[in-house]
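Sharing a structure here in structure tokens format.
By letter and in written order, the chains are A, B, C and D; residue numbering begins at 1 in each of them.
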Amino acid sequence: MDYQAVLEEIYAEIQPELGRGKVADYIPALSKVDPQQFAFSIITEKGEAYHVGDAQKNFSIQSISKLFTFTLALDIYSKSLYERVGVEPSGTPFNSLVQLEYEHGKPRNPFINAGALVITDSLISHYQDDYKAFEKIIGFIRDIADDQSISFDPEVSTSEMENGYRNLSLAHLMKSFDNLDNDPRTVVQTYFKQCAMSMSTEKLSRAMLYLANGGTDPLTGKKYITPPQTRRINAVMLTCGHYDASGEFAFHVGLPGKSGVGGGIVAVVPGKMGISVWSPALNKYGNSHAGTLALQKFVEKSGLSIF
Amino acid sequence: MDYQAVLEEIYAEIQPELGRGKVADYIPALSKVDPQQFAFSIITEKGEAYHVGDAQKNFSIQSISKLFTFTLALDIYSKSLYERVGVEPSGTPFNSLVQLEYEHGKPRNPFINAGALVITDSLISHYQDDYKAFEKIIGFIRDIADDQSISFDPEVSTSEMENGYRNLSLAHLMKSFDNLDNDPRTVVQTYFKQCAMSMSTEKLSRAMLYLANGGTDPLTGKKYITPPQTRRINAVMLTCGHYDASGEFAFHVGLPGKSGVGGGIVAVVPGKMGISVWSPALNKYGNSHAGTLALQKFVEKSGLSIF
Amino acid sequence: MDYQAVLEEIYAEIQPELGRGKVADYIPALSKVDPQQFAFSIITEKGEAYHVGDAQKNFSIQSISKLFTFTLALDIYSKSLYERVGVEPSGTPFNSLVQLEYEHGKPRNPFINAGALVITDSLISHYQDDYKAFEKIIGFIRDIADDQSISFDPEVSTSEMENGYRNLSLAHLMKSFDNLDNDPRTVVQTYFKQCAMSMSTEKLSRAMLYLANGGTDPLTGKKYITPPQTRRINAVMLTCGHYDASGEFAFHVGLPGKSGVGGGIVAVVPGKMGISVWSPALNKYGNSHAGTLALQKFVEKSGLSIF
Amino acid sequence: MDYQAVLEEIYAEIQPELGRGKVADYIPALSKVDPQQFAFSIITEKGEAYHVGDAQKNFSIQSISKLFTFTLALDIYSKSLYERVGVEPSGTPFNSLVQLEYEHGKPRNPFINAGALVITDSLISHYQDDYKAFEKIIGFIRDIADDQSISFDPEVSTSEMENGYRNLSLAHLMKSFDNLDNDPRTVVQTYFKQCAMSMSTEKLSRAMLYLANGGTDPLTGKKYITPPQTRRINAVMLTCGHYDASGEFAFHVGLPGKSGVGGGIVAVVPGKMGISVWSPALNKYGNSHAGTLALQKFVEKSGLSIF
């Protein structure tokens, strides 16, 4: 298939949709981003890469980072972590406290904020220090993207911390249920730093290749996780990757994917390719409006689907 | 792969698990079933069938029927039905009223009871009569299973109706939100009849083939739905097919599947095969305990997965 | 105090408020009522009665009837009923299913619909028949109002039954939790008949005298319930009498009171008088807008309060 | 009435109940308290005081302090505060986040923790400083109790702060909804200091006299609030003073009252007396087990009730 032609078709068709929706405004540093931007990148297991739009432009990966910390934690913790974070869709918005209270502080899955905070907490405990843990996170992301220049934007993480009351509320609630080992403030701060990682669709699609290839980077040969672990991460992406629109995404796109409020979405076609799309304006579920549509067009045109 | 050997290995390994869990006791007619029973059937797109256990023994398919009415309704209604039933995981038990009230009578998905009732209601309206609608349902199931002898067990449906207060509550609640066209009692009665269909794993695995093959029966060539429709049904099965354990099922099994409180589970490997397993004792989520484990063993041994 | 002068002052001041709010429209037979109507009646323990407005005009008492069935049931059942219906404010709208599901079918109090249905159910069981139970209810209301001509409006109860899906949903839900002895449809039908009782503020204020006087009618000397029972009914009225605005009513009015969606409100000043006010247009909580304001003016002008 | 005899009767009868229930264990400094202790004090508007048990023994007043900060805030803020805190019973436990999230950060009433935090926040803003605010709170309590020696126990407040994750969660959640002006940590710290006030039943019953007498201390003549304000505070005590057992308390005791997890309860008979009872072991709702029973005995024996 001529993927470049497919991407260019999508790029043309998506123009009228750019800017529809709303840029995340609860993070001041993100609210200034131009909502008209768009990028779409794919890279196959053989390393053939295709791009349209602002594919080299960095943006804040936000919740996409949860995928990477989940991978890191999965490799380390195996069993014990499942007792602290489930793998069920939540049926509520990404930052809801309701379910967390009813379910005694155990988050439904690692992709809602509460779950991601527990994952980060577990990494801080494992690496014995929040700075060391964050170094490991950033190191892992650089490895899978095969780019040692990737870093985080301190303006974004500081801006989030100054307005991060809801995440602090979640963290303190879990601490009250004894489901957080470290100081809630430290955990939230580390979490905001991982969310503030700056990456382009080019780098993100590259970073997804290990999940397309059973846990091993097909280009460098580095093995990160096992094939069964990979399948499980992909399964959680499919059922929980888009918050309260995960079912819609599975229904309309049919690929494991994870979105972030920076407007990025990553996805994977198992055995075939890594995908990343970006457009900052969000739909009512907090997922990129144009990005979601573009992915839908991509599977319609390419016929790619796990179903 | 020697599927027969795989099934026999599973059959041997699963013995200690048989009878663990609890047979559905809220339906008196089902509570008498011997919990030790077990069957596992697969059939490939080429028609090669493999079985272990009581694969010819009929049981009550219960919620598996929702898959077939959803297929029928999808074909007929396209757009309008999505406004009445969503495609999101619910995050709550199969028969909860909480979410239904908060969301103004629109069920989360077609596989929770409320959603299945709306689907049945839409079929009654479409075929203008509950008897005609039920004839169509039974006819469709006979077609996809390629067995005109399949029928329903009136003792089971009567028994359910006599104890069906919660489903009547759901139906009346939706009626109060104007999301049911027909008399709530009639809808519930028709729904209980579809749940009371009697089938074996042999027949059910056969009945799944159209979903493994893009909507067309690979053995008879009959086309029921389009490939995109098929992918969407499979996506909904994956995200919503096991109630509040759908995420766990995706995580551990990684195949689109649908369970019923009769102890049956159906699943599909897109492009490859239809699967059905049965064992009456249920885990705490209302899914077959041994059936779920057997499927997990099957994917581990066969390496089959959509992820 | 010159109560007649106080009532006339209120009558003058309330004019601009008449018609503000919305007549209950989910009961077709009630939706036709002229929203401009208003009446205010009080009667002291000595039998001195004061009225303004349409005090002889009958209206549908609706939920005010719950007060009378609660009295009847309290007298009969003492302990056992408390296990089936609580005495706590609900914190949710009058007809919510959420709390009822979380709390396994036990209604929070006898003044939300679910609770009133259990009360009516208990009366049907006690009198062994829904017709006999309804005769007792109507007989009791005639006795306390000292008026044997009081009856119910079958057009209203029929209209409610035709649209009573939510109450049928509540009744079936409680039946599924085994907290209803009789057929849900029969219970709802009897409940709608008691709601359809037609009374004027003159009759309702008279009917409240036993609650102002420790359970004994001060004018006829008939003893209905004991002083402790009376105090308890008044306490439940205060904490639960206005659904999710009970706290507001206690805060602003400070008297035990009970409202109905027909626009009527009854209240009592223990040791002093029975009160009834009526105006059909409702505020957002389903309580009479002008009626609530008029009662607030009454306590401000008279200084009467239990606090 | 011979109140001393009544109290002594109660004291004898209550002996078998002492120690039943559980001392609050989530505050380490409180968990060490001897659960067998008991005290009951009343003081009439004329200053006649009656006591039994450990009436001079100080204990942690905990949530009873909410009554005093509410009084202070009511005097200052009138209207604007009602937009930030309601006056409705909550229908949920004292520290639940569920309702707070559904209702966008506006607490149901000033007596659940969230509401009390907003009240304290408003006092901090009004007095421009948390230390000044706390001085005012302590000064007000000393005035109404007519005892300048009253103080707080820093061991208790520190102990609460070290385990105050849930209150920090509530505070951050409200801050995220912009319903807290000051730093959440500062607000929670000030709140824990007010909760750690040490008082005896003798002092607490004395401190209640202004609420029995329309807002003016009947013994010193000091006017704190107006009669309508007093009635409103009493109304909120009755509907919300015992968390999710407020309806039960109104039903069985029938007086405005407020409990604390230190085992204290205060109550008031309008126009007659201030009451305080204490016994540390709590029932399942977090209210003093023996204290609640003793108050029930008191109203049964004295016939005092607002209903």
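By our rule, a contact is a pair of C-beta atoms (placed from the backbone, for glycine too) under 8 Å apart; a residue touches a chain by one contact, two chains touch by 3 or more.
Just so it is clear, the structure is predicted and the values come from calculations on it, not from any experiment.
Asks: Name, by label, each chain that touches both members of the pair chain A and chain B.
Replies: Neighbours common to chain A and chain B are absent.
Asks: Which chain's centre, taken as the mean of its Cα atoms, is farthest from the centre of chain A?
Replies: If we average the C-alpha coordinates per chain, C ends up farthest from chain A.
Asks: Could you classify the chain B-chain C contact as same or different, where same means more than half of all interface residue numbers appear on both copies?
Replies: Same, since over half the interface numbering is common to both chains.
Asks: Hey, how far is the Cα centre of chain B from the one of chain C, in Å?
Replies: Distance between chain centres: 47 Å.
Asks: Centre to centre, by mean C-alpha position, how many angstrom separate chain C and chain D?
Replies: Distance between chain centres, rounded to whole Å: 32 Å.
Asks: Quick one: report the Å distance separating chain B from chain D, using the average Cα coordinate of each chain.
Replies: About 55 Å separates the centre of chain B from that of chain D.
Asks: Which residues belonging to chain C are in contact with no fewer than two other chains?
Replies: In chain C, no residue touches two or more other chains.
Asks: Viewed as a graph of touching chains, is the assembly arranged as a line, ring, star, complete set, or other?
Replies: If you draw each chain as a dot and join those that touch, you get a single closed ring.
Asks: Show me, using the given definition of touch, all chain pairs that touch one another.
Replies: Listed in label order, the chain pairs in contact are A-B, A-D, B-C, C-D.
Asks: Residues of chain B touching chain C in their complex?
Replies: Spelled out, the residues of chain B in touch with chain C are 96-98, 101-102, 165-166, 168-173, 175-176, 184.
Asks: Which stretch or stretches of chain B touch chain A in the complex?
Replies: 86-92, 99, 108-109, 228, 230-232, 234-236, 238-240, 244-248, 250-252, 254, 256, 270, 300, 305-307
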